[in-house]
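Have a look at these structures, which come just after this line.
Presented sequentially are two complexes of subunit A, the first with subunit B as partner and the second with subunit C.
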Partner chain A sequence: MIGVELSKLFRRPRTWLTLVLLDALPTVVAILLATTHLGPRPGQGPAFLSAVLTNGSLFAVAALAIVLPLFLPIAVAVVAGESVAGEAQSGTLRYLLIRPIGRTKLLVAKLISVFAFVMAAVVLVAGTGFVVGRLLLGHQPLSAAVSSVSGSQLTPAQIAFRTLLAVGYVGVSMLGVAAMALFLSTLTDSAQSATLGALAFLIGSSLLLTLDAATSLQPYLPTRYWLSFVDLFRDPMLLRNVERGIGLQAVYVAILLGAAWANFVTKDIKS
Partner chain B sequence: MRRRWRWLVLLAAVALVTSLPAVVGAIRHSLGVSARPVSAAELRQKILRSEDLPYAGYAEAVGGLALPVTGNQFTSVTDLLGGRSQLRVWWRARDDWRVDQINLVGETDVRAGATGTWTWNYESNLAIFDLNPAAQQVRLPVAGDLLPPELGRRLLSQATPDELTTLSPRRIAGHIATGLRLKPSDPQTTIDSVDVWADQSTGIPIRVDIHASGSANPAMTTAFLDFSTAKPSASTTAFSPPRGGRTEISERNGLTDVINRFGDAESPPTLNGVRRNSLLPGIGAIGVYGRGVTEFIAAPLPGRTARSLRAQLTSAPGVAKSPSGLSVSVGPLSLLLTGRAGQGRTWLLIGTVSDKALVAAAVELARYRSAG
Partner chain C sequence: MIRTEGLTKRFRSVSAVSGLDLDVRAHDIYGFLGANGSGKTTTVRMLLGLVLATSGSIEVLGHQMPKAASTVLPRVGALVEGPAFYGHLSGQANLAIFDACGPAGSRRTRSARIHEMLDTVGLSEVGRRPVKAYSLGMRQRLGLAAALMRAPELLILDEPTNGLDPQGIHEIRRLLLELNRLGTTIFLSSHLLAEVEQLCTRVGVIDRGRLVVQDSLANLQAPTGRTMLSTPEVATAMAILNGRVVSSDGPRLIVQGADPAELNALLVGHGVRVDELGPERRSLEQVVLELTAARSDNTERP
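This part shows the complex of A and B:
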């Protein structure tokens, strides 16, 4: 069942188009930086973007920072929102459920395929960012040390390790969006509604993060710790917010998937 | 029925997860915190003597003191006093420490060594070595000043025994903290109280709350969220400029140098009946008046700075115009810019005293200037 769902997801041209579009933005940014040599001014622009002009290896994490606030969650919400509602919309959900498999199993399979997409998207963005960065930006050898956010020198092995941690962390950060979209996808027969609902949830969270009046709520907002992967590139690493980010996503994922399960296993399927 | 029990299980799980922090807090509160009884004077001494003890941690300072002034020199101060600052600190000794002010996409670090201090800004890719940091006896506040140990000791340094009382111990950042409340006795003060909580075993302040008169919420709070008294390693505080980064060497003397260029102005020995603070010798232009947490500064401003500040204050909300000048109060901070555009020297008066006290000081300054 899981294999079927995964192959269905990755055979779909739409999935690959989404991944290509996700990679396109950082690539365009890299081309612009390489041709103009104009980095963002201090305090402006995505994380690490000013640093990539001297060392292109960092463009892997800069690419993640570029897509993280908007494009990556949109892509995840589209795929996750379509997982169950898309089947209902196209009239294939009832045929899926005729097969001798439980609804819980089907939901788990959908869930795993969405999580696989999330990780594939994050790894692909970071990988493309690394290749594009090495080709277009900074001409330091691969063996050269890279400056950490704290000004100390990190060896290539340390940078590689921290980049892997950042990729994993960004992937985990997207799981909350995926779980929300999957839950909404079990509530409605419209994939677009599920996607838009998940995005509204994120926009609301991002808005509340800017309000001083919402300070007491902020530690519990799903987008609160998204950019904390930057803390992995400080020296020493600051793990406080990263740990909280992982914990918060785990709580959202558990609750939303629980809600998706509670709703889906007893839902009347009409399409 | 089947449908209902699943939702009930889910709701129970949600209730459990969301109430967990409150339940843990309530259990901790009910267990109470016991600490060895200590007098206010003893605790103050212990806190002041903790200056040479090592510590490390992560602190957050939240201020509501955003004065409506910006510009190269003032924007950082406005952000610092009016926003949330995230600070990491490693303190080995008075001349060997590091304070990082972190933000979402970068950080600004200050690292002190025996020969000077390095200031590293990641976003500018710039490291500045300051050869003469001790010369900055009067300077604009920096992030390190908001660390609980620095702020707590500074605020308690001139407190008298009759202004101090002890508070019940509490747990902060996993450490038992004993509290000291300072209620200033000066009738002109705008500070209601200052609560300093110090680690019971070392006396290092780990939380400071500043309350303005007439306000229920603290005007400023700075507290460690992670705290350790283990001595940080030397490699943590050491710094070498990174390859590819820009480096500058500075011998600046900060704000004092700029203001002292206008040597024809000197703050008087007393203002509004308050004597000049003797803790800042050798700075003729800038006068610091008062004691402890009730202080104000009188500084003659260079023409361009005065014009810029006047233009900003004129259009800022909440600023009052009077014959003495432009004045504004934010929490316990009062600010007065004397005079009018194009009319003689402009003085900046700012401090934790009432508007009336600053106006009285401005009137005296006008007379002093005329007499001089």
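This part shows the complex of A and C:
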């Protein structure tokens, strides 16, 4: 069943188009940086963008930072919002359920395929960032040391390891949105509504983060620790916020998936 | 094969189906007749465990539904409210996906079974084309192929000939009769009286959520004890049959008495020519209209 879901996801032309578009933005940024050499001053603009002009290897992380605030969550919300509601919309949901597939099993398969999409997207963005960065930006040899965010030097092995951690962390950060979109996807028969609902949740969270009056709420907002992967490039690594971020996502995922499950297994399938 | 007792479904305060007692026996072709919105599709969905009943019990193939869905449904093929597929994939790929979902679809024999099914429903030439290029009739056939993939013991079909041309309807009817001959029980939900009349052995009629009749087609169409007569000499015939004529419509008379031969002798003895003579039988349409009209009279009276 999981194999079937994965093959359905990756046989869709739209999945690949989404992945290509996700990679397009960082690539455009890299081309602009390479031709103009106008990097943002340190501390401004997306994370790591000032550093990549000297070392292209860092563009893997920079690419993640570029797509993280908006592009990546949109892509995840589209795929997750589609997962159940899309099947309901096209009418295939009823035919899957009478094969029969247990409703819990179907939901788990959908969840795993959404997670696979998230990881594929993050790995692809980081990989593309690395290749584009090496080709277009900062031609330091691969073996050269890199300045950490704290100013000390990191060896290439350390950078590689921390980049992998960052890829994992960004993937985990997307799970809250994915769970929200999946939950909404079981509530409505319209994939678009589920996707837009999840995005509204996200935009609401981002908005409250900029509001001083909402300080007491901020530790619980799903996007609060998204950019904490930057802490992985401090020396030594600052894990406090990363751990909190993972914990927070886990809580959101548990609650929303529980709600999605409770709703879906007792729902009248009228689509 | 299907037995429901007091099956009831309410959507909030609206009751879609109430107190339904269905009884579909093995080897039946059961026609489930009802107007649009009478509760047919809700019933079909409850039989398949898609919609959960408010009260009452459902037994399909001897097991309680939806509790035993995982043992019952692999033995059931169904078409619910029109076929549905992944439009960007080919007909073959769609059948493969549905076959791979749930138990009983052996991977080794899959492609052979798919080809056989496409052949059976007459789609072998277009099996590789994406479904979004299919006509409504072709989708309907593909839906039927998906329902038949596992050689089910029970077929539950909701409006199976929807969108088919007369030729296609004829082919599907032949296919269903053949399957039934080989032992498949068929539950056919339809609003088309003619379709049910031509195909089914037993009929249940649902009207506004309630079953108004459930009987064999032969019983429903049994002779009424009156004789239908057609003659060019209406006036003379009426005079001879004084008092026995129930109604007349042009050259047609409905006469009391179930013996056409006696009537024939009487008329011919008086020199009246007879075009047509036979026991009166009611069409399914008449039966259904009478039953549903009687109900609406009852409900409208305070």
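Definition applied: the second predicted complex is superposed on the first by the 269 of 271 C-alpha atoms of A that agree within 3 Å, B and C clash if a C-alpha of one lies under 4 Å from a C-alpha of the other, contacts with A are read in each partner's own complex, and residues count from 1 in each chain.
Everything that follows uses one rule, which is that a contact is a pair of C-beta atoms (placed from the backbone, for glycine too) under 8 Å apart; a residue touches a chain by one contact, two chains touch by 3 or more.
Owing to the predicted nature of the structure, the values given are computational and were not obtained by experimental measurement.
Partners subunit B and subunit C fit side by side in the overlay (superposition on subunit A).
With chain A as the common frame, subunit A serves as the apex of an angle whose CA-centre rays point to subunit B and subunit C; its value is 140 degrees, to a multiple of 10.
In the superposed pair of complexes, A:147 makes contact with subunit B only, with no contact to subunit C.
The partner of subunit A that touches more of its residues, comparing subunit B with subunit C, is B. In the superposition on chain A, A:98 makes contact with subunit C only, not with subunit B.
When both complexes are overlaid on chain A, the residue A:4 reaches subunit C alone and has no touch with subunit B. Of the two partner chains placed around the shared chain by superposition, subunit C is the only one that A:90 touches, whereas subunit B remains out of contact.
Using the contact criterion defined above for the overlaid structures, shared-chain residue A:239 touches neither subunit B nor subunit C, since it reaches no partner. Shared-chain residue A:266: touches subunit B and subunit C both.
Nearest C-alpha atoms belonging to subunit B and subunit C sit 10 Å apart in the superposition, given in whole angstrom.
Across the superposed pair, subunit B and subunit C both touch subunit A at residues 266. Put simply, subunit B touches subunit A in their complex at residues 2-3, 6-7, 9-10, 13-14, 17, 58, 88, 100, 102-107, 109, 120-125, 127, 225-226, 236, 239, 241-245.
Listing the residues of subunit A that touch subunit C in their complex gives 1, 3-4, 7-8, 11-13, 90-92, 94-102, 266, 268-270. The touching residues of subunit A, when paired with subunit B in their complex, are 42-43, 45-48, 50-51, 54-55, 65, 140, 144-145, 147, 149-153, 227, 230-231, 234, 236, 238, 240, 251, 254-255, 258-259, 261-262, 265-266.
Those residues of subunit C lying in contact with subunit A across their complex are 11, 45, 48-52, 69-70, 73-74, 76, 78, 80-89, 93, 97-98, 100-102, 146.
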